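Letters A, B, C and D name the chains as they come in the text, with residue numbers starting at 1 for each one.
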Amino acid sequence: MHSLASIQELLSPLFPGLMGMQLTEVDLERVVGTLTVRPDLCTVGNTVHGGALMAFADTLGAVGTFINLPEGKRTTTVESSTKFIGAARAGSTVVGECTAFHRGKTTMVWQTVIKSEDGKLCAVVTQTQVVLGI
Amino acid sequence: MHSLASIQELLSPLFPGLMGMQLTEVDLERVVGTLTVRPDLCTVGNTVHGGALMAFADTLGAVGTFINLPEGKRTTTVESSTKFIGAARAGSTVVGECTAFHRGKTTMVWQTVIKSEDGKLCAVVTQTQVVLGI
Amino acid sequence: MHSLASIQELLSPLFPGLMGMQLTEVDLERVVGTLTVRPDLCTVGNTVHGGALMAFADTLGAVGTFINLPEGKRTTTVESSTKFIGAARAGSTVVGECTAFHRGKTTMVWQTVIKSEDGKLCAVVTQTQVVLGI
Amino acid sequence: MHSLASIQELLSPLFPGLMGMQLTEVDLERVVGTLTVRPDLCTVGNTVHGGALMAFADTLGAVGTFINLPEGKRTTTVESSTKFIGAARAGSTVVGECTAFHRGKTTMVWQTVIKSEDGKLCAVVTQTQVVLGI
């Protein structure tokens, strides 16, 4: 199993690093992270850009799949769907908790619930990952 | 109607600016943009991060809704769903073309088709925007 | 609040009645129902048709919204997305449990988890309802 | 390649037969069908039930995948997402046109556009099928 620190380091030069997202928990059935809503992660109106929330969740689900992969396999997201429910203001931090609906040999299905720091629901992202040979 | 340049400027300090996305066409029924796949927009494997594609498309659909809004209204994305089909490599540029399925009084539905510079399909994003009072 | 029996009767001449779905619990935050997988609800291979599962879930979410509507309002589904995870065989019964992610003034978001009678996950359906004037 | 008539006959005792859907065109890149909105395919208000539209589309996409399968393979829907845009009244007939975004070795992606008989858009359904061994 990969450590949280090694995965965080792997992501650092990539898009999750650009956004500044932090992993806080990496378990086989649950991956948790935080994202501070910098102004440059916002849309008009000083609230978090929906795309930043989707990218944040997509990363958590990909990490979840990655750590569950058998040796010699890789993964890619085939589908992601998001319901946007509440806004998060610039300067606040959101928490994403990603849990598995399904961890199979050919597909995995993960759902990320993103909440504001005071526990208000911001978005729910459900995604399907395929498991592929290398 | 808002000009392409004024919208591009509005987006510049925001998440679309951080990603470096460019608008190239802004019409009432069609919004087109490009995104150069910088290394910091990638995931593991030097291909574009799915979240960057989703954020790119979400911006195009929001721009499409924005320019169609009646005076005194605003919009937010309520739902977005994406099928990921092909990868785009670091250093390449992808093109997103967003067209309207529906432009109604309470909701608008947009679909963005994202292709690589050689015309290969990368992703299809379909999103629903609600039209709200201010 | 509407009774389970009155809603079941309302649905009886409609599509949920054609499929033979039964409501078993109707609360403001949770709606539960069952569907027996008759052969004419199947696809090739004697397993439940994905469309039957989507229709089953859509009904549960619409009932959940309906019973939460303020006086003088109506609802329609604007978006539904489904992950199919496991099959259910002809002759078995599936259970759908629908709970609310969000019950707002303009939209409600519901998620239905459908399981086989032995508790195996079949599908997860997440849908957005808009609340409209009459 | 399978004939339209043989596929229609295969579907007849199954859910598509219960709903009365008809295939009208079956090509490798395009599958078209019709569905007459019988009262028992409706929801409250004498308009077609969203679930009937989703089941109709799901069938078209599955047929499209089926006829593209290599020998010795089968398919299942892994994900379907639908935007509902306009209603169709009881007694009318809707037409669904399903075309391929992607027909790959491991997945196929299809989109069905459903319109009323006078050409008004009712729904757009996008679905991902996996290709599996038998």
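Assume contacts are C-beta pairs under 8 Å (C-beta built on N, C-alpha and C of every residue); 3 or more make two chains touch, one makes a residue touch a chain.
Everything numeric in this text was worked out from a predicted model, so none of it was measured.
The interface holding more C-beta pairs in contact, when A-B is weighed against A-C, is A-B. Greatest Cα centroid separation from chain B: this falls to C. Averaged C-alpha coordinates put the centre of chain A at 28 Å from the centre of chain C.
Inter-chain centre distance (chain B to chain C, centres taken as mean C-alpha positions): 32 Å. Centroid to centroid, with C-alpha atoms defining each point, chain A and chain B lie 20 Å apart. Shared interface positions of chain C, i.e. residues touching 2 or more other chains, are given as 78-79, 81, 83, 128. Of all residues in chain A, only 81, 83, 85-86, 101-102, 104, 109, 111, 121, 124, 126, 128 touch chain C in the complex they form. Across the complex, chain B is touched by residues 10, 13-18, 39-45, 49-52, 54-59, 62, 74, 76-84, 87 of chain A.
Against chain C, in their complex, chain B makes its touches with residues 78-79, 81, 106-107, 128, 130, 132.
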